[in-house]
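Read through the structures below before going on.
Consider the two complexes below, in which subunit A is the common component and subunit B and subunit C are the respective partners.
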Partner chain A sequence: METNPSNTQDNNQNSNPVSSDIMVNIEYISNRFSHSPDLIIRSFQTKGEENVALVFFSCLNDKASINEDLLRPLMFHLDSISEIFQPEIPLPIGSVQKLNSWVDIEKAMFRGESILFIDNVSHALAFCTQGWPQRAIAEPQIESSLKGGHQGFVETLEINLALIRRYVTDDNLVVKEHSVGKRAPTKVYILYIEDVVNPDYVQEVTNRIQNIKKDAVLDLGELEEMIEDDPLTVFPQFLISERPDNIASNLLQGRVAILMDHSPNAIVAPMTLAAFFQSQDDYSSRWIVATFLRLLRVTAFFLAIILPSLYIAVISFHYEVIPLDLMLSVGESRSRVPFPPILEAILMEIAIEMLREAGLRLPNPIGQTVGVVGGIVVGEAAVQAGIVSNIMVIVVSVTAIAGFIIPNYDMSSAIRLVRFPVMIISALFGIVGLSVGLMVLFAHLISLKSLGVPFGSPIAPIHLIDWKDVFVRVPLNWMKKRPFSVNPQQSRRLGEEKE
Partner chain B sequence: MQKKTPLSFGQYIFIIYKTQIGIGVLTLPHDLFQISGIDGWIAVIFGWIISLIIGFFIVNTLEKHPDETLYDLLPKYFGKWLGKGILFCWIIYTLYAASYVFMYTVYLIKVWVLPNTSPILLGILFIVPIFQITVRGLPMISRYAELTFLVTIWMYPIILITAHYGMWFNLLPIVKDGWMPIFKSTPTTALSFLGFELIYLLYPHLKNKKQAYKGMFIANTMTAIVLLLVTILSYVRLSEAELSYAIWPTLDLIKLIRFPFLERLEIIFISAYIIILFMTIIPYLYMALSGTSQLIQRSSLKKYALVGILFLWIILLYSPIIGFQPIIYFKKWFANLGLIFAFAFPVLLWLYSKVFLALRKGQVKG
Partner chain C sequence: MYLEKSDIILLLGIDLNEKNELVFFADTPVFNTDAKKKDHHIKVTAKSLREARYRFDSLSPGSIVKGKIQTILIGKKLLQNRAVLPYLDVILRDPKDDLNSRVIFIDGPVEDIFNANMSDKGRLSAVIRNMIDTSFYSGIITNPNLQQYVAQQLDTRFTPMVPAMKVIHNEPKITGMALLSHKGFYVTTLNLSESPLALSIQAFFTDKIPLSMNITSDKIHAKKELKRISIQIKKIKRKVDTRIVNGHYQFDVQLTLYADLVERMFFLDAEKHADLQNKIIEEQLDKEYNNLIRKIQQKKIDPIGFGVYARAFKYDQWKKIKGEWFDQYAKAKINIRTKLILINTGVSH
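Showing the complex of A and B:
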């Protein structure tokens, strides 16, 4: 679909109304899209011998639908074209729209609708006959599900909405349509449950989306960056999820969800740090097990950040902290290594990050090979060659595994990244450096906001009532209220207020 | 004029409590021991009662003006110039407090953890979080106070572990030298209770004003419990000789703890304790800054003033005035200033406000 850029900019012509002369209209359309080989202009006579023209992009339309539902009735069944203008349009098509201006017509064409021009009628009709290549619903790739639903979002907005509606069958679920991008407008849906969500969030999200000034927004990740509170931090302030059950659960907690066309994800806002450690599977497993997993994730969060730094700090500054027996084995393992601990650690961390990235980008069978080669080379050979110590290999592997446990990809990448500055500061100042580094990190985390909600909530500011679902997951019957951090309009989940 | 950020009850308590817990906890057993011997822990109870009374005066003074901080009140009570004079003295006091604790922290770390690192480098390291938190103002400080409480909660059981081999008979007989030395040592505890004067700044922000007394009581009591705990444990675990020469008996106390997998626990303890010490520096620094912006009537300069102060601290660390000995010596100044501003001033202000309000009422009537 190549359109002439200079034409697209030309707004004067665009706002012209549709002419009642069909030849003028066809002329205009074919000039406008002269560089689009997929544009089809089908002029024909109806059964009643009126001149009409059907215009559409062949790549965006379902051919069967056009042939069977439009052309066949128009050519052979309808006695007069004027029947179309009756309120009950005798065509087997879901949505029919009257369009007057060229701007709307072009938008409709790019949406995949087919346009019918009729001679001596000064408007056009747009028929919903979309059809484009799309992927079947598949299992989510990044957030795999153990017990919850196995359907993940796909690239078509309507299907994603359908997936969410299947979970939230509430008449208060509101879907607001917006469009972003000046050159290539893309449909964006804002979803929320009207009597639950705090209206300030909806207003804020709407404002931010409307203020986006960009020619095209291709992916939800881009959209997130444009609407988040602080784009300069490594930490994600919104959740991006590809699981409809996750989105549904967040909607029901009083959050706002954002869906975008051609993006197999959804954004949830506002998010808090603690919410990044929750997984949808927590609610479908036994609560004791889920609590154990939560605590495991919190431990992993701390390990992933501090373990290499702690090792560096202790080995370079405070070896007196370690008891003698342990010190001896550490010393033995390090005796052949010529590098200072920080260099050793950074070397290994970078090797692991490269292995990980290589495994991620390569096709699956080759990716596994990378893992095997990397594991053997880095784990075994490097130690035998005396480049790194055994203990360091253990430290780095535990750290890497701890980093994988965090259920959210963005959060786990952020944690992987902040590890490096903390390591450097620990190499300079020992445990004091580690302590100050963590302080700066946590101070940064609690200074962040997500849609104006403190990111550290409910940990700092403390809301003890929310702690039922942070470090532990209490039985669902005890969680009668929605999270206070999200500040919902209607705080009770169960009970009379909602039947 | 000022945009008020609401402060929850918990945040109010935590800011006061975490400001009070500072260098006092580390040194108090030694300071008390020097004056009143093993009975020093009784002085903590007296100190607690006195700070409760002073706290009552502070809240009572502010109650008449629920939307005004001390800084708003001063010009109203004392006229433009005298008010500004007193305001300036308060800035000096709070700035001194912040600077002193900062220098103290640097040297504490230098003595206990990093003897070979230059104080300037440590200073540069420390001003990063201090700047980061102070510059974002009260909402950030209140959240940070809560976080500090949560991330240092493990310190309480650690200190309690030391009770295990305690010689509790050391405390007996109670009041063996009479009450006089205990009364004499009570002002020494003042330093450890300093921090409740922040109520002057926090009160207008508090969401539910009725809880101000209760919060003041809880914060002071929590501090008193920690101080009492540390003092008594030091007296039952450390010998008299140790107590008389060790400047930081609390750390010597922690030094006694040994785990099979961890030795020299005090190194880790003190490294984590700087988080609490920062939480003493930051509120004072913030109080000084908001006083400054009140004095010159311009809040946009706050940031530059902050940068200036932090820069000054680094220069001070470079200068030969500040060293280990002067730091120990300047503590007396801090304690004395604290006695004047946090203990004497609230009482005087309370009396003055009673007279002032009575006079004004009379004027209005007449």
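Showing the complex of A and C:
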């Protein structure tokens, strides 16, 4: 771990070495943490009658481990404290570190280690006795899995790393540790497979993470915003996933993953637009079914963006293009609505967005009720009352459903947002406006970059070889190479070498 | 203006009234569910379609839209006195307008269609369109759209053929195909048993062509009213031999019809006399074809399109006769010989 002396407020005092007088040390510690009621300073005499003090935060340490593995041997078993300075420390503790400076001691304490001060010894010992409230590994909430593993990331970095290591049991899997945040440093791991990944990406990610100048970074979503190429767009340029199998698959394709402590997610970079339409389940489903789903998602992507706009443009300007029978029924249904189509559409879209957000914030059983009440009661009543036409209700519902098909939450939110400006431009200029809106949208999409990789790849710029995993998912036997758009060092997947 | 606030002309009618004034009719759907009638009929007299549009506007609650005209009805009186093409210019000129409108000849005043009984059918504009479309798909009539009609009208090699409708006892009915002259005037009508014949000589084909005929041959001994055969043509092969004989065109048409026998009202032991059955139908078809050709040759119109062959295969002669094809056509000799191949004769008991 890199240590940065400027991390603490008082440079001179903190870089002081530990005193050999235990009373000085205890006094220093109690002054430093006078506002921490969870600080425990346990002074006692060992079996050999040396004065020692064990200092730790009660909330970050495992009490059983401290009592059984530290206090009991020190008080009753070890004849002399000098035994613990031998190379084979006779204590059942995994990791023991010698610490000299206060900076390191404070960091260790916040990591959840317990510190032992010994009278007449000018350094302290840090014992790995961490234990804090942890959530059990559970099924991922946002990206539910059909066939893949049902374990999702949790808030502890080590557990998350363990979940990934279980998938990628390769000695080339590199984990680089960094820390972000000046006031509350947080551990960040950069993961990649050394002989696969393009080293430029690792360098770029490392630089961007080291350049973060922030008090604290609480969540991976914040971290993403600080390191992404263009924070001013609605489209996510990195994938945030809570599924270790997804991360493992992306690592194996030659991407870089970023894990952060207390965030139950991982970032994958570089990402392309097409990769947001892939779901890990595609590879475990039959390839024909997976291909169908891919095409369905692409259709849904377009529907979610243009369906309401197309409806508005056609109803406002180009009713000649509607087939006669449909036109008659649309006209009859519209005739009772007192608003212009754009207002009608915006009204319904906002209603459905509010429903979605309300359902999300409420506890699960109530959330469902809100969905039913909103969907059926409000929709039906609005049509009955003549506020919206029933065709509009269909359009909005289909659009909403299409928006939710996209497997990634960030991308699906972006698409839902993008349709509002497209709707407005269609209401002003009809199909011409819609076309111009889409042109601007796609120009924007292909101008984006993720870690310098064109976001539109492999569609624009075109790499036909990668199309085996874009709109279709060909049988796995045919995918002998890693995606070209990720530009890996080792393009042929190991074990697939030509004989 | 939004969809529901527009008056979209779905059916356009053009005719002459008793005072020989040009009358325009329009039918627009009424979207307002409070209105008792689903259609709004407008009738104006005007000098041109564009002028009529302003008059329509002044009579309609919404703004008139003419981009979705489904059907154009043209009255008999108008076509007897004037060609209709100049009156359609405004539709042809505006690229936003629909060239897919069906063109229909009305045998009688167009106003009858607008007053026809629709209480058991639905919206007038949809009913008329559906009537024409279903007859087209069952192979009885052709269904030229506006663009095709204009192309036929301007072509020097053949003359237009449009569906004909008539209102009988307040009910609209398809009566066959109206044949127009090259100048655009009404000439004659093919009835519903003649028009499938005309279509089969043209080898114009959608899916099937039904033919039903009385057998006049004396090789069959049955009561006169029972000497009837119906076939359904499934496929046509046509070979046209174009020649010049004595300075006149001669067309030898060899038609091979692949058909199903769908009805035979008299007894014939088809196992023993398989050839006889084919032969009497072929003879009967030859006779009917020649009657039809004679009928249209006398009127100096060429809806079948022999002019296409005349120009394509004997261009020297075509240059000599210049624009006089239809006069030449009346003098041409046209031999039609039919070969029938029955694919399916159905169940015999």
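Methods note: the second predicted complex is superposed on the first by the 485 of 499 C-alpha atoms of A that agree within 3 Å, B and C clash if a C-alpha of one lies under 4 Å from a C-alpha of the other, contacts with A are read in each partner's own complex, and residues count from 1 in each chain.
One rule holds in what follows: a residue touches a chain if its C-beta (ideal position, glycine included) is under 8 Å from a C-beta of that chain, and two chains touch if they have at least 3 such contacts.
Predicted, not measured: the structure shown is a model, and the values here were computed from it.
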Pick one for A:Ala460: touches subunit B only (first), subunit C only (second), both, or neither. first
Which partner, subunit B or subunit C, touches the larger number of subunit A residues? B
In the overlaid three-chain picture, which partner chain does A:Pro341 touch, first (subunit B) or second (subunit C), both, or neither? second
Who does A:Met439 touch here: subunit B (first), subunit C (second), both, or neither? first
A:Gly430 in the overlay: touching subunit B, subunit C, both, or neither? Say first, second, both or neither. first
Give one of first, second, both or neither to describe whether A:Ser447 is in contact with subunit B, with subunit C, with both, or with none. first
Just checking: does A:Ile394 make contact with subunit B only, subunit C only, both, or neither of them? Give me first, second, both or neither. neither
For A:Val330, is the partner it touches subunit B (first), subunit C (second), both, or none of the two (neither)? second
Subunit B versus subunit C as contact partner of A:Ala184, first or second or both or neither: neither
Once the structures are superposed on A, label A:Ile137 by its partner contacts, choosing first (subunit B), second (subunit C), both or neither. neither
Determine where on subunit A the residues touched by subunit B overlap those touched by subunit C, and list them. 320, 322
Which residues, counting only subunit B, touch subunit A once they are in their complex? 8, 10-11, 109, 113-114, 117, 121-122, 125-126, 128-129, 132-133, 136, 140, 142-144, 146-147, 150-151, 260-265, 267-268, 271-272, 274-275, 278
Can you list the subunit A residues touching subunit C in their complex? 315-316, 319-320, 322, 324-325, 327-328, 330-332, 334-337, 340-341
Tell me, which parts of subunit C touch subunit A in their complex? 2-4, 6, 8, 10, 29, 31-33, 65, 67-68, 70, 96, 98, 123, 125-126, 129
Touching residues (chain side subunit A, partner subunit B) in the complex: 317-318, 320-323, 326, 425, 428-436, 439-440, 442-444, 446-447, 454, 456, 459-462
